[in-house]
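Chains: A, B, C and D, in written order; residue numbering restarts at 1 for each.
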Amino acid sequence: MKARIGVYKFSSCDGCQLAFLNLGETLLALDELVEISYFAEAGMMDEDTPVDIAFVEGSISTAADRERIRRIRDHSGRLVTMGACATAGGLQALRNLADASAWLADVYATPEVLDSLDQALPVAEFVEVDLELWGCPVDSRQLLAAVRSLLFGVLPPPQREKLCLECKRQQAVCVMVTKGEPCMGPVTRSGCGAICPRFGRACYACYGPAESPNGSALGRRFEGLGLLPEQVARRFLFINSHADAFLEAGQRWMSGHD
Amino acid sequence: MTERGIPMQVEVVERVQESPTVFTLQLRLIEEAQRDAYRFDPGQFNMLYLYGVGEVPISIDGDPDRPELLQHTIREVGRVSGGLARLQPGDRLGLRGPFGRGWPMERLDGRDVLIVTGGLGCAPVLPVIARLMRQRERYRRVAILQGVKHSDDLIWRERYDEWARLPDTQVLLAADVAGPQWHGAVGLVTTLFERLDIDLANSTTMMCGPEPMMVAASRELLQRGAGEDDIWLSMERNMQCAVGHCGHCQYGEKFICRDGPVFPYREIAALFGQRGV
Amino acid sequence: MDGTGFLQREHFGELIRILAGRGYRVIGPQLRDGAIVYDDLSEVAQLPSGVIMDVQPARVHATVTQLPRYFSWANGPQALKPLLFRPVETLWQACRDDKGRLEFSAADEQEARPLAVIGVRACDLAALELQDRHFLQGEYSDPHYARRREGLLLVAVNCTHPDATCFCASTGDGPQARTGFDLVLDELDTGFIIGAGSKRGTALMEDLSLLPVREDQLAKAAVSHQAAREAQTRALPPGDLYDALAARREHPHWQAVAERCLSCGNCTSVCPTCFCSHEREQPRLDGSGSVHLREWDSCFSEGHSYITGLVIRAEPRHRYRQWLTHKLGAWHRQYGRSGCVGCGRCIAWCPVGIDLCEETAAVLGGGHD
Amino acid sequence: MTESHNIRIQVPVLARVEGEGGLEFAVRDGQVEELRLSIYEPPRLFEKFLEGREYHEVPDMVARICGICPVAYQMSAVHALEQVFGVDPGAHIRLWRRLFYCGEWIQSHALHIHLLAAPDFTGFDSVTAMAREYPHEVRRGLALQALGNDIIALLGGRSVHPVGACVGGFHRLPALEECRALLERLQAAREQAQALVRWCASLPVPQREQSFCSVALRHPDEYPLNEGRLASSEGLDIAIEDYEQHFEEFQVPYSTALHASLHGQDYLVGPLARLNLNLDRLPASVRRLVDDTGIAFPSANMFHSMVARAVEILYCVEEAIRILERQPPLEPAAVPVLPRAGTGYGCTEAPRGLLWHRYVLAADGTIEAARIVPPTSQNQARIEADLRTSLQDFGLERDEAELRLHAETVIRNYDPCISCATHFLRLRVRR
């Protein structure tokens, strides 16, 4: 029997679902391989049928979201978070650092009607997650490799190594060394293909923290390149600001000392 | 010599569930020429390749005198081992091997033999025991010591009983935590050394299991008179290639896959038990 | 050196053309993204003419000058290693049919042309010899490395402009290339003194428009060899440091380095002798086939020392200690010499400028001579 | 269905739209009442996040508002910021940006046509189901979508949240060989794009006209993409800086994303509005094909939006070919910028329509205030107005399933992008 999958969206930009929708012919091949029972954007609307694998995009930020993610967890075999929003809150988790209700009042007239939690949180804060796919957005290759592994009945190998390793495998020239760019590669998870360094610019950590990230040493290096402590902090408090290692490093730098 | 670079195809002939997480696979090489050529020494290992998932090093624990059947006892701990656990007779997988240096079988003649294992550590010494038992007269006293975390982890109880019935053969079991119906000792495997009935000065020890256990046990044996060249240990490190190229299994100047996995204590004494090496 | 000749600068393109004409894929240095990189070379114009590099720990800066030189720099982040020991390589493939039968096959080979590399340095040659020992001369020889190595043709250029990070003189590997090349060049403003190091090299020389070498040209080359040697300020203590480092396994300096070290693996990636790799599976989506890949890895990564449930070198200080102890100690016992050829790459390309010469000195307690 | 005049229809989750939203409406006594297009994605507060960030962080941040049209967000933003700094990156950067943008239109439109809209007109639930009957058309569509993605990736490294664009130009421009390879693919795709226009025009769509005001950019000599003045079918002609004097954004109490109005009226942005206003800016080759479809543009049939998208795909393929054949210089990839204080405006044509940005910057280049008006909130009022009349015309006596499907078809036709619409706001669904 074909494995059944579902793709569920929460608060996000939709970009990670595109890892499926941009597959081209492979999307048709995937459809042969599995039964997609829920994927609203692609037209599959059966949200309550149990699935073997649930792919979840987006962060959780309302009471309704919270209930929905629990329902999804209950009917799913493996639950996979797809992308920075689902895995670490995403860019919108920046609100967690501020007084979000004041912000809301600021941007529109009748904030009372909003059903919004104060925070945008990763899925794992509410339910158990079997596999986290980092990245903003996730990469299609990464996603397909996960699908394949799960169909083989195993989890894909963890990818926690630093971007620098991928950068060197791609034979990109280090932008920190040649241009003094404050590159986040040394604390960031690989997986994107080191696109930023290959485009001659600093990595901005959209894949989240790597294993043993040394935020102090990197931050000091950034200071050496002319960044102020709060500028260092902002590099950590960006797309994956709610990931522990980045939150911690960012707050340390924000407080002005390392 | 069999092919090292590319796996050979093997078939699962038999699968036995030894405990909730431990299983044994009997494998047979599909190609006859490969089957005929394949020989291994006790203590060597194969790289088992689970299709589409990856390769892992697994000791060969069958009888070296019957290399046509390759037996592997595996604990389900992660990706590859978890996938291997689901294989059934008739399923195919890849195999590269055998690799490494095994136990010093040639040094055992006429000596006392001590086997100390912890956890699943007994798998790599099974072929040794098979040979000891078949040619029992070549060796003097034999002691087999096995320690487990919990008494329920012990597999192969019948085999231990069987070995215990042989002449001049001591079988001692210890569990850190004992469940009901446990007749062995309670504590670390080293607590069994008290009861050893062999002459450590004229013995050869073969040991495998978790590193802290091996460290404690070898230190104790040395104190009790065993020689640094007479304690042999099977070491474990991450292995990718098994041919000494990938660098993962380096242990000081050694490549465990190539120079080991079995080492005499003296060769690794300087590193043994050191953190982070 | 007998059998030398002088190749005028304006004739340098002949070398590229002749090599290409003999079926080689010609690789040479070029300035790209602010560094010297080695890539396909089809004409002289691609060479880094007049490029001068200012190389400091964690800082590399290129300046293009009018200097009539192609090789007035020492090295870049890579040279030979990625050409032979590929950063990512298919080792073999497996297919599975609908009955579950497997078929294994060697990786498809695409590159038919042998490689010719122009602009190889003495340190690169020394590193190549070490990689040869590792990949070819053990019990098992790596067929992928071997295949590319076999046809490899090397045009060495003696170093005239060592970087501030270079210390090949102290490791005994440079700045002058002594063996292992097919041709060796000394660059002067007007052209190149060229000599052969192999039969292939000699044959190549016959096709070049060479002039006889003049005494004053030889003298100039000798002066620049000397100058290149003397310009080096860094050094490593000689010999096998295994025991000395082992004796300092718990030295507090390992932790001091770890506070700075990013464990990013740039040092091992740019090091021409580092050889670690991991293997990875890349199955097709439909499950009908799978590719088994090898990729560069680093002893600075967690996965390097992972065994189920345990990372043996979880702490960065253990990772740095592993790298240095292996490089300067264990290597002697594995391959008969230090794993460092003094190219200084790990110093220049470490994003935080950790300097193995300094760290070694600090661990060994004080300076050295 | 005896009491069919009094029903309440709820579509909690709209299928095949970008982002999740719902629809709720009640029919009472043969009239549509209480119609609410409810966009209930939580607000993401982007405009607030931007405050206090540095100008160079903006392109990477605003891209995250929408995974489907990140290029549009990046382009509106860099133009606004360059206006503040008073830099002009030059004609070649303008061309490369146009190429970049073409990629996004092709990608987004191909996705919408094949994955979201066409199944409505071919009678399927999804593209995968449609592929069984229309394998050739679907493959062609997916190939065009891939081509669009690859154009974005050429300049941006990846098609979702590309990393190539910066204030002042690009971080890197492609290599010559990469451009040549792309050019060949584009040339091969031209015929495919033409066939797509014909196919879309041949699909049976409801023939129903309505009156609405089209709003789009208008450029003196180009089909509008990355610049122009704001124009409407009712004669509006203003500079983008004057947007706020004519357009108003407001919150509606019952639902989520902000609505917008032009002089108090709803209006249409997007492909059909663009095409209606800019037919004369199409190259002759594209114009000819438009005429061949037999559809008389400007069209008052909203369902001609899909054809308009196909026409724009063809336009972008041709425009991309034109740009690459000219081979704009590959250097410099960017001009240096010097931050200074000021207010800047950027308005470009996202695949779904006008995307207007305004930034107020401090002297050091930090953002003090930002305002972003995405196309979908501009279309919201229009969609609701359309639904009211369309459902009425469709026949309110029809059964619920039919009404639902028709309502969804109408909505999908606008290609609303809820993720964009909720870049900072949430409205409540009533269930």
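FYI, contacts are C-beta pairs under 8 Å (C-beta built on N, C-alpha and C of every residue); 3 or more make two chains touch, one makes a residue touch a chain.
In this text the structure is predicted, and so the values were computed from the model without any measurement.
Chain nearest the geometric middle of the protein is A, using mean C-alpha positions. Between A-D and B-C, more C-beta contact pairs join the chains of A-D.
Taking each chain's centre as the mean of its C-alpha atoms, the one that lies farthest from the centre of chain C is D.
Chain C and chain D have Cα centroids separated by 50 Å.
Chain geometry summary: the mean Cα position of chain B and that of chain D are 64 Å apart. Rounded to a whole number, the gap between the C-alpha centres of chain A and chain D is 25 angstrom.
Centroids of chain B and chain C (each the mean of its C-alpha atoms) stand 40 Å apart. The residues of chain D never reach two or more other chains; the list is empty.
Residue positions of chain B touching 2 or more other chains: 51-54. Shown for chain A are the residues that touch two or more other chains, namely 148-149, 152, 157, 200. Chains touching one another, given as pairs, are A-B, A-C, A-D, B-C. Those residues of chain C whose C-beta lies close enough to touch chain A in the complex are 32-35, 37, 58-62, 76-78, 82, 87-88, 259-266, 269-270, 280, 282-287, 295-298, 301-303, 314, 316, 348-349, 351-352. Across the complex, chain C is touched by residues 4-9, 49, 51-55, 77-78, 90-94, 236-238, 240-241, 243-248, 250, 252-253, 255, 258, 270, 274-277 of chain B. Chain contact summary for the complex, chain C toward chain B: residues 91-92, 94, 96, 100-106, 134-135, 138-140, 142-143, 242, 246, 249, 275-281, 283, 287, 290, 292, 294, 297, 299, 303-309, 312-315, 317-318, 321-322, 326, 329-330, 333-334. Interface residues of chain A facing chain D in the complex, by the touch rule stated above, are 9, 11-19, 21-22, 24-25, 27-28, 31, 36, 40-45, 47, 61-62, 64-65, 90-92, 94-95, 98, 100, 103-104, 106-110, 113-116, 120, 136-137, 139, 192, 195-196, 198-201, 204, 206, 231, 234, 238-239. The part of chain B that touches chain A in the complex is made up of residues 51-54, 79-80, 82-83, 86.
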